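Got a structure for you, questions after.
The chains carry the letters A, B, C, D and E, assigned in the order they are written, with residues numbered from 1 in each.
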Amino acid sequence: MTFLGLLFYILAAVTVAATAVAITRRNMVHAVVYLIVSFFGTAMIFYFFGAPLLAALEVIIYAGAIMVLFLFVVMMVKVDSPGEDLLPARQWIPAAVFGLIYLVIAFLMIFETRGADAPLGLLIASPRDFALYVLQNHWFSIEVISLLLLLALIGALQLGKSQTKPGTGDET
Amino acid sequence: MAYPTLAALIMATFLPFAAFLLIMIFTRMKPGLSARLSIGSVAVSFVCSVVLLAQNWAAPGPVEYSTQFLASSGLNVQVGFLADQLGLLMLTIVAAICLLVQIYSLGYMAGDPGFSRYYAFMSLFAWAMLSLSVSRSLLQIYVFWELVGLSSYLLIGFWYEKFSASQAGKKAFVMTRAGDVAFFLGIFVVLLNAGNLGVLELNGPTATRMPHEVLTLSALLIFGGIVGKSAQFPLMTWLPDAMEGPTPVSALLHSATMVAAGVFLFARLFPFFSLSPEAMGVFLAIGTISMLLASTMAMVSRDIKRVWAYSTISQLGLMIMGLAAGGYFAGVFHLTTHAGFKALLFLCSGVFIHHFGTNDFYELGRSGSRGLKIPTISIVIAAAALSGVPPLSGYFSKESIMSALAGLSNPMWLLAGLLGVFLTAYYSFRVMFVMFFPKSVEQESGHAHAPDHAGYRAMTGPLVFLATVTVLLGFFEAPIKNFLAGMLVIDLHAPETNWSHIAALVLSIAGLALAWFEFGRRGAEQVGFVEKIPPLYRLFAERWYLDHIYGLFVDRVIDRGISWLCWQNDNKVIDGAIDELAGGTVEGGRISAFLQTVMIQYRLLAIFAVLVFLAFYFFFEKI
Amino acid sequence: MNWMIAAPEIFYFAAAMWFLMLSFFSKPDPRREHLSSLLLASLGVLVCLASVGAQGYLFIQAFTADIYSQVFKILLSLGLFLIIALCGNLPDIGERRIQDFYFLLFTCTLAMMLLVSAGHLLSIFVSLEVSSYSLYILVALRRNQDFGLEAGIKYFLVGTFASGVMLFGMALLYSSSGATYLSDMARLLPEMIGQPAVVIGLVLTLGGFFFKLAVFPFHFWAPDAYQGASNQVAAYIATVSKVAAVAVIARVVAHAGQESTYLVHVLVILSVASMTVGNLAAIAQKDLKRLLAFSTIAHSGYILIGILAMNPAGWTGTIFYALALLAMKFTAFLVVIELAPEGQNLQIDDLAGLHRRSPLLALALMVSLFSLAGIPPTIGFTGKFLVFVAAIERGYIALVIIAMINVVISLYYYLLAIRAAYLLEPAVELPALTPSMPIKLLAGISTGLIVAAGFFPYPFIRIAQAAAQVLLVGR
Amino acid sequence: MHMEPANFPYLSAILGTTVAGLIAIMLIPAEKKELIRRVSATFSGITLVISLLLFFAYDRSMGGFQFVEDYSWIPSLGIRYINGVDGFSLPNLLLTGIVFFTGVLTMWEMETRVKEFYALYFLLVTGVFGLFMSLDLFFIFVWYDVSLFPMYLLIAVWGTTRKEYGAMKLTLYLLAGSALILPAVIFLYFKSGLGTFGFVPLMQSGMSGTIAPWEQKFAFILLFLGFGILAGVWPFHTWSPVGHAAAPHAVSMVHAGVLMKIGSFGVLRVAIMLCPVGWSYWAPLMAVLAAIGIIYGAFAGLRQTDLKYVIGYSSVSHMGVVGLGLSTMTVEGLNGAVFQMFAHGIMTALLFSSIGYIYDRTHTKMVPELGGLSRVMPVASTFFIVAALASMGLPGLANFWGELVVFIAAFRTYPPLGVIAVLALVVTALFMLRVVQRTFYGPVDEKFSKLQDVSFFLGVPRMILAAVLVIVGLYPSILFDVIHTASAPFINGLPK
Amino acid sequence: MIVPLSHALILSAILFGLGVFCAVSRRNLIMMVLGIEIMLNSASIAFVAAALRWQNLEGQTFVLFILAVAATEVSVGLAIIVYAFRRTGSFDPGNYNLLK
């Protein structure tokens, strides 16, 4: 086992653990913070997998922007959800059962597949190469995704515009 | 066959049908015209039949005319005419009695709201019965057989507003239908085994090619039709009920002609039946049973028409006995004479009923039925003929049947026959004595005067004619025998045993005497000996409980049994299952719809679970 | 690069931008917006028709124009035009939001056009997301916000869940096969389709499309979204969005899924489950739109039959079925929209007396429902017939029998709706409906088309056949 | 198989006339009821005339399919618009024409939603005509369904007893049948390997064994059950009495008179003629079901108190006779079966037409509530009684010959079943006469004493039907000659 | 080499499972969105690992776009959820049950 390999396992363990902790937190702020840890771990893995740009983006966008947005929302609406049934038994037990079956099958599926044990050689995509590649090959998708972002913007705006008090009409 | 003959046959048979159609479609509203049409057509038929009879009197053998019918159905059905001696004789009898009865009906049915309808049905009957007489194949006979059944149904239920009349019509149709189904099956058996339904072929060599068992089976099945139509045991109870119809109808259909069709069919297929002694034995037994049972019933009835109806059954049984005993001529001759005197009996009774408005002959007697001279004389002649009093026609025909029976090895049949003769004389004259020597006469005057209007004349004319025939016909035994001898049917047994003649005569006189003793002599209490034995009386009056058995059968087994089961099966089992299925589907829909409304996380879980299952299935499928 | 092959997309992009600009710079005017959108949509139809012969690739193969995609673009543009024709009265979308409403509609249609042309997993994914997001917003935009937001949330959650599943599937597919272009898949996958990660990845990938088509088990959003969305939006989801989903599923399956019996089995299971669940649940519905949602789910099951046959007849039938679905669902929704001038949700009982209030609409409803039920001689029957023929050619006769039994079940609830329209009398006397002339014309034409195309389907079949040629990859 | 092209598209002319009638009715404003009736009568009269012309123009010496029209329809699937008539379809076409026309006249007095009624009625009949004349399985299926689905509204809107239940049951039941037919048809299409839905080539491949025996057996049972449901095969008959009772009179007429024939015709045309091997394999089952149906229908009919239920069950019984004929695998059997289809169609149409008249006057069709009607409406009663007698299989009326020939064939092939079937004649007679007795005989009820008898005009449809019964009854060859041209070559051409 | 591809895939699969678990069992709309984010993230790991296996940048490109989509999802999703919360005052998905 190489050093990087060991590091991978450690990071994987951290990521999984952080995620697992995150999803079981009653306090959503805590959950988000743990999830940020998880995303940091993911970013590290990206880095070792030769995607430094993505690692950075993961930290900036996922851990930074997205999670912060979550935090904003959670804090803005100020809900501690004390009454929340954290993990209702009639939900998590079936979910856990299917989750376990799923894991078994996932293991089976991954190991049964030819070439699954292919070693991951080290190859680093420099941000420059990556950017060139993306722009050369996936300009189309970039255009589309820009449309998506525009859409999200307008959508969020519209939903806000249409926001009304219960009982009053449309126009506020 | 010469064309004139064919033309005569066609005219004889189809004219009444034309009359039927014309009346039904055009002249329902014009009773007079309807009657004229009907009578005219029958008159032409009668003339044609007489001409044909005369023409063929000396002809050597049967003449047949046939044409292909239904060639393309895959069956080879030949239709046409078979004008042999038997057929022509029957044709003439039927045409004659039809004509007489229709003339008689002018008076009897006058003023009835359904006058046109009556004549339409009469014409329908005439067509069917005349055609039946000269049909050349079994299938054709079956067709007209059913049609006479139909006209019988319609005419019995003529006064349909009377519940009993419509009931009786239905009963008649269904009971004869039951017999006809056997006949129908018999036809199939014959067709499939002999490949031919022609009467001549069956009577000829074709039948001998059939296996014996099959032949017996088919004979028995065909005899089922005879049992139904001629009201033999066990399908006998419809005939007395059929007396609900107008009396001329009873005279025509239910005594003289239609019911005799059974016997006629027997005679038609006589050579064929003769090939199976077993079947003949069964026929003999059934004829005997019917004759005796019906006689006993006649002994206790107080309804004049019913007495004659029972007597009809009994006489038909006697004819069948004669035929089954091998006395071909005896049977046919008795058929001929019986047609005359039985029609006469009914027509006379009709006059009384019409006049006094009651069927009860005790009542008639009290009302002074003696006052009507012509009917009184005629009915006595007819009753005497029925009883076998010489020299009336009945005497001769009965004697020949007795001699046929006497020819059998087992004397029991003859004894039964003689018993029948005794009983016949007894019950006939029971009626005569009660009617004409009543204990008390309520109204000597009043009705006693013979009415003198056109209707009455129309009614009495046929009486006189028939009475004459009854008196004279007996003396034509020999010519008729000669005529029928041309049928190539030799009586199997024709021994001349004098003692049976004498015994029959003695017994009929004895019956007459007993009747006189109990009913006729001055001061007789007019109560028969049977009536003094209550259980026996009840047995006879209830017609040996045959109707009860049928009623129970229809009610319990068919109506409340099979039919109920079928209906319940439809409702509960089949429809129940279908409704259950439909209800289950709707219920499933409700459940399914409910499952779509569960909380969103369960839905996501369901998606996940299905995906897990599908992935799992991949490995499962590989195994 | 020949940009002209993307003419429809460019046109629709421009149209969407037009409304975006309007919303920035102009006060809303419903009538003007409607007329301009109608004009643009009809122009769009013309553009699509004009570019029907376009063929070629843009962005390597990420954008593929071929007869298949162009035919579907015509259907999509036609669908958009028809839906916009029903938007003359938009009571459920606030006046202020009307420009954005049209923007979203055009954007969504544009995304679907990109979707049917996409030749790369990534471009498929992003196009799908764009169309989904515009729909989430459209659904949530309803004036009745309790309904709209709830429907939006559910639609959104199921949709993102499905796209998560799809991404995971794509990851599996890519990690084990290395193929991302559909053409690569057609080349590489046949020999490794037996690998679990490949084929399960493919199934999960299809999950995202199944969500669009509302195939079991990704159908859970449909009833709520239909019921919660405004009538016009529901009509759009039921017609245009389904056409696009059919297109992309057929294309992906044709490229990636040939030779896999496992995939066929999965599709059979999902098909049977979809139609059974959809038809059964529809029986118990009172809300007309919800009923139509379940009927859509059932129809996705029938369409899958054509797809899983994976033969030319199957592709042809699938494409024809998409057309059929467009026509039938549109006609049904036309009646719904005309019957609900306030934009309210219709109960089945509200149809009472329709045969007197408007014989034409009643007839249109009856014909469309019978067509949905697959009764000849309607286009719905011909569509079913074609996919059944394809399935039996492959020997899936049991599947067809099950489908036919489902047809019988479905007939029950369609008949209930027809019964309401033709038999029931309303409790209070309702005024006669007088749809505007264009609507009458539209109802007449669509009803006529349903019958005519059912009876003389050959021209449409030929188009479908031509389009289906594209899917015969690797043969 | 001989195919004689038509010099004039008579068959399409029939379809065209019904469709034109449909369109004409749709264009007339709903208020002009009288005009709608007249238009309907005219168009249906034209179809009757054309079908009569066809019937007599058909060359009996040549046989085969005549008046064939053949146009390409969906070439990619080998679907063609082929119409043609042979000895099997010709009587059914004529039957449809007669029942169609008389049905229009029977409904003359109806006042509710006249326009819609006649429009749906025309649609229904278009399907029926189409099915009888089409020689392409695709079209046969299409017409089959076209003739079914208008039924729902026709019954549910204009019906009487439990109409919505009956309508729903009938529609779902019959379409469940079509659920079996369609897969089987497509199955045969592929198994023949010919790439055509054309009836004649498929039949040849069925005859020659190109379609393997197991395939024929499989397809046959699907087709038999599918069409058999419509033909009222026991135990799938329960929709029939319910549906009959619920339907309006003309629809009952078409339904029992023609629609059930579609079922048996489908069994003959599609199941039997395409899958002869399957036929010979399943024939005993067919025969047993048919025999049960005959006797069962008669017994179940015995308990009914609703006139239409009685007729419904008698239809089950009579259609059993058809089924029995079809199961015998003989020329006679087929002849008798097709003949019986015609005869039963006319007979039952007459019954329903008469019941319709009675119901319109008395507003009841429950036997116990009726009585003595012969006194107040003798002519109407006569029509009913004639039909009832025909139903009993009385010689001289059409049904007798059909039953006779079928029974003979059955007796030859399945003697025990033949006996059972013949025994049912007694039961049929019993229940028919009971109904006649209780409805028409007996004292007339006070509330009915003012009723009018049928007028000449309203009597016309019943007269036509009764006349057909009598004419065919007296001269059955008129039909047998035609039917034989189809049945004999078919049976003789069967693979040994 | 770092690790076999399968190990990275296993990591991805575990995270995906956790994401699903979170989405289906936390009765909180925000947590559900969070769970879906985790699912998207798990796909990203698989893509990056696969990119390494095939030695091309396709996988990494995917991840780039997943980031964008995730951002969109959060913005639109949270917007809808927050507005819904304003009307109903609840994040409990069980409270959204008007439509049936």
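Note that a contact is a pair of C-beta atoms (placed from the backbone, for glycine too) under 8 Å apart; a residue touches a chain by one contact, two chains touch by 3 or more.
The shown structure was predicted, so the numbers you read here are calculated from the model rather than taken from an experiment.
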Among the remaining chains, which ones contact both subunit C and subunit E?
A, B
Could you tell me which chains make contact with subunit B and subunit E both?
A, C
Most distant chain from subunit B, judged by the mean position of its C-alpha atoms:
A
Interface with most residue-pair contacts lies between A-E
Farthest from subunit D by Cα centre, which chain is it? Let me know.
A
The chain whose mean C-alpha position lies nearest the overall protein Cα centroid is chain D
Quick one: report the Å distance separating subunit A from subunit C, using the average Cα coordinate of each chain.
31
Approximate Å spacing (C-alpha centroids) for the pair subunit B, subunit D:
36
Taking the mean of the C-alpha atoms as each chain's centre, how many Å separate subunit A from subunit D?
68
Report, in whole Å, the distance between the mean C-alpha point of subunit D and the mean C-alpha point of subunit E.
63
Among the residues of subunit C, which are close enough to touch at least two other chains?
122, 126, 129, 133, 136-137, 140, 145-146, 153-154, 157, 161, 165, 172, 176, 196-197, 200, 223, 412
Can you tell me which residues of subunit A touch two or more of the remaining chains?
91, 95, 102, 106, 108-110, 112-113, 115-116, 137-138, 141, 145, 148, 151-152, 155, 159, 163, 166
Return the residues of subunit B touching two or more other chains; collapse runs of consecutive numbers into ranges.
582, 597, 600-602, 604-605, 608-609, 615, 618-619
Chains that touch, pairwise
A-B, A-C, A-E, B-C, B-D, B-E, C-D, C-E
For the complex, which residues does subunit C have touching subunit A?
13, 20, 58-60, 62-63, 94, 96-97, 100, 103-104, 107, 110-111, 114, 120, 122-123, 126-127, 129-130, 133-134, 136-137, 140-141, 143, 145-146, 172, 176, 192, 195-198, 200
Which subunit C residues qualify as touching subunit D in the complex?
313, 316, 355, 359, 370, 375-377, 381, 385-386, 388-389, 392-393, 397, 400-401, 404-405, 407-408, 411-412, 415, 418-419, 422-423, 456-458, 461-462, 465
Touching subunit E in the complex, subunit C uses residues 121-122, 125-126, 129, 133, 136-137, 140, 145-147, 149-154, 156-157, 160-161, 163-165, 167-168, 170-172, 174-176, 178, 180, 197, 223-224, 227-228, 290
For the complex, give me every residue of subunit B touching subunit A.
601-602, 605, 608-609, 612, 615-616, 618-619
Given the complex, residues on subunit C that touch subunit B span 153-154, 157-158, 161-162, 165, 196, 199-200, 203-204, 207, 216-218, 220, 223, 261-262, 265-266, 269, 273, 277, 279-285, 294, 409, 412
